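First, the structure itself, so that you have it in front of you.
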């Protein structure tokens, strides 16, 4: 019986996380549009429902009912596959993210994480590194110049920044002495790691923004040069999947920053899950703010920042942390 | 047959089919995609064989870095699939002869070797144990591999710039 | 209990043969390099299975080093291939046979 | 842990650091780079000589320092020094890239030093890869002569292929013997040598070393790499890297200690094939470096004769042969480098009239080539003699007979070279060559060594015997 109960709980957790993620993604779009509107002294969407609160549903219905076109010379299978890679990769990362303290249900301990892998951090990296394929294959399969250039740019950018992303987390692993995300949260019982690893935090944040291809690193889809970059040729729900992927990725980014640097679900007074949400949203809002503030980088600036600044600094940071731990 | 054995055979099938497709596709991008599937299967096998760390690294390095690099190069060079000839008989013949000899040897190995019939037991390597073992015992190879990566870096940098340098030198020579 | 060691050996052997075929028969520099990658990967499978067979860690360590080798190989190999491609405009090794006996 | 055992390697690592800084920081200056390299490599020989008597093991026994390894380290350091000596006019490589050239050369030497001392398969494999990668990158480093890219790619692809094969071999070997230490494999292997997996594993493992040595089925890279690479790089590949390959091959074959007849059969076949093929194809060559490439393929066959006899005298003979080979080959390459002063490839016909242009170089070339051919007063004869005697003692009469025939065949093309240098007159009256005093000194030393060690080989022989006994 225990086995069945465990299975039911697992399914329940999966369902809650999935629905939560999708809902949050939809409302993040609204939040972004509203907030950006305010930053640019305009209103943003305000017609559908009170304050435009029904806007996400309107968008979803629009996406679902639009015609799904495939360019004539496109590589059909890969063209259809690419958006799914992006969306599923982003969703799968949440499998190892702990979003609350362990709670007891009917006398059974239920950890608030779908699965606690002992190589959780590497699992995150593995999935993140697969996100490249959605972009690159999508760009290639469209058989269009803009898409191809967008795809190439995306691939180059993502493999470059994956390096600094990985290196920035090595000190965290050294401090927590574990790859498991649950253990990393546990290691921050006394203080969040942002206090001892501010450099890591900054590098991680910058690289993660570059990985999600948001402004100021949105060269793969720079609209004034490339149309919409790698997803120029996509329409309907396939475009919707790219779109969904982007906003789920925003949450992933928020969740990872929360887990690695902000102490995870820890916080006073409020329940852990609420704290977790607050922190994730705070990071997301920060990202939107960055988007409203900073201009896009030039391509060479992007590469120089990654290879000549972030990677060396991250390496030095590792050495410094190592020396600190040794002494 | 245990459930693990079933998983193994399914994965083995996936790997073999994907690799087989990969090496016969004319379109290089399709080859790469099949190969990614194959490496995914290998990563799962590593996990099954109790090496979760290696499974994760297999995906990060093989599927996530090496194959992306291939894809990137193929996209950048704009290799036209129609320009690639199908390998003709002259090339297939020695290759398949080699392959047949090899398979014969493999069958020989499998059937003649009493030791290879031992069943593999389940085990799990914790990343920490693995790391400690690695850094204690294989200290020297790690240093060597760091040199190797340094050399590869120097070489890739040099070769990346070599073409522009050649063109410049040729221009100077023409003057 | 998973499977006999020999079955893994067989799987790796066939994979290895496929890699050899890809490296020898495909008339394309990139595919030749990919063939070598497949061969390296099959060696990795044998190592992990052997490590499990003997309940030792050495085999797994080997695989880690194979990853490093593969990475170095691809970076150097692709750099060389791009260099050659820009000079000759072809990925076909047949075109490179200026040097004969 | 006694770090003093590791001093030669540490010294070379330091040297790599120096060149790395030179390549990164300072403006290119060929003269300065050359003098730094010369100075450091001279010191390197001294360091290696000073540590020749050391003995011990390091790093969890993966690294053994004994007479065998130390002797080879000295030989490698000398080889490295000699190659640096002919780099004074490094015209084959762009000036901007001289520090990189020295960096790669030093790293390669370091890797080979690590290789000859390693007694654990992973370490051996990694060291082998490191040295190979340096060479893969040294070949296309040449200034645009067109063929260098092609030969670089060929060399690289064949090398990568062989190393994957070797890795698979190590994997199946490990699957049988459950250890990666060479010493323990020696203990376990005789019990399991009957199993196909062990034999195949060992054979595939040997592939990697045979590739380095350019033995028959793995020789296809050699002529192209030799011709495509800059002359100095070719000299290095032909001398130092071959010596390291002999060392490690000897160590690996000593593993099986003759308990597998399959292994012996395979090695004998390979030896015969590479001797015959190398010699026959060398006859039609027009390019000097390609000729030397095929000659080195055939020499790989001769060395295998010594190794395959699997006795102490056989191993000693192989080591002696490697030393002799290094000196003779290097002498030939010295002449190649000096005659082709602009860094281009050298045709045999271009040697015409050399005896008038520079009698000294002509004489050096003649002696080097005679040595390679195995003509009596030279060290090459002594080397061949030792190897053949060792094989005769084991009763490999046919093998020795075939080798003898091969020696006779090889005389033809070696004499062609001598004929070009002495008997042919060049149509355009080229001016006499200026040979600098250090070069004269170097040539003099080499020639003396080739002759003196050929006539009085006792001391060197003792040394190689001692080194070989450390192996058994």
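First chain written, first letter: the chains are A, B, C and D, and each begins at residue 1.
By definition in this document, contacts are C-beta pairs under 8 Å (C-beta built on N, C-alpha and C of every residue); 3 or more make two chains touch, one makes a residue touch a chain.
Bear in mind the structure is a predicted one, so any value in this text is a computation, not a measurement.
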| query | Based on CA centres, what chain would you say lies at the far end from chain C? | reply | A
| task | Please report how many Å separate the Cα centroid of chain C from that of chain D, as a whole number. | result | 27
| said: I'd like to verify one number: the distance from the centre of chain B to the centre of chain D, where each centre is the average of its C-alpha atoms, in whole angstrom. | reply: 31
| query | Residue numbers in chain C touching 2 or more other chains? | reply | 5, 9, 16, 19, 33, 35, 44, 49, 53, 61, 65, 69, 72, 76, 80-81, 83, 87
| request: Provide the list of chain D residues touching at least two other chains, using ranges where the numbers run on. | output: 122, 126, 129, 133, 136-137, 140, 172, 175, 197
| request: Chain pairs that touch, all of them, please. | output: A-B, B-C, B-D, C-D
| remark: Within the complex, chain D is touched by chain B residues 105, 108-109, 112-116, 136-141, 144-145, 147-148, 150-152, 154-155, 158-159, 162, 165-166, 169-170
| task | State the interface residues of chain C toward chain B in the complex, per the touch definition above. | result | 1-11, 13-22, 24-28, 30-31, 33-35, 37-38, 41, 44-45, 48-49, 51-53, 55, 57, 60-61, 63-65, 67-72, 74-76, 78-83, 85-87, 91-92
| task | Write out the stretch or stretches of chain B touching chain C in their complex. | result | 2, 4-5, 8-9, 12, 15-16, 19-20, 22-23, 28, 31-32, 35, 38-39, 42, 45-46, 48-51, 53-54, 57-58, 61-62, 65-66, 69-70, 73-74, 77, 79, 84-85, 87, 91-92, 94-96, 98-99, 102-103, 105-106, 109-110, 113, 115-123, 125, 129-130, 133-134, 137-138, 141, 145, 148-149, 151-153, 155-156, 159-160, 162-163, 166
| note | Per the touch rule above, chain D residues touching chain C in the complex are 122, 125-126, 129, 133, 136-137, 140, 146-147, 149-154, 156-157, 160-161, 163-165, 167-168, 170-172, 174-175, 178-180, 197, 223-224, 227-228, 281, 284
| task | Name, in rising order, each residue of chain C that touches chain D in their complex. | result | 5, 9, 12, 16, 19, 23, 29, 32-33, 35-36, 39-40, 42-44, 46-47, 49-50, 53-54, 56, 58-59, 61-62, 65-66, 69, 72-73, 76-77, 80-81, 83-84, 87, 93, 96, 98-99, 101
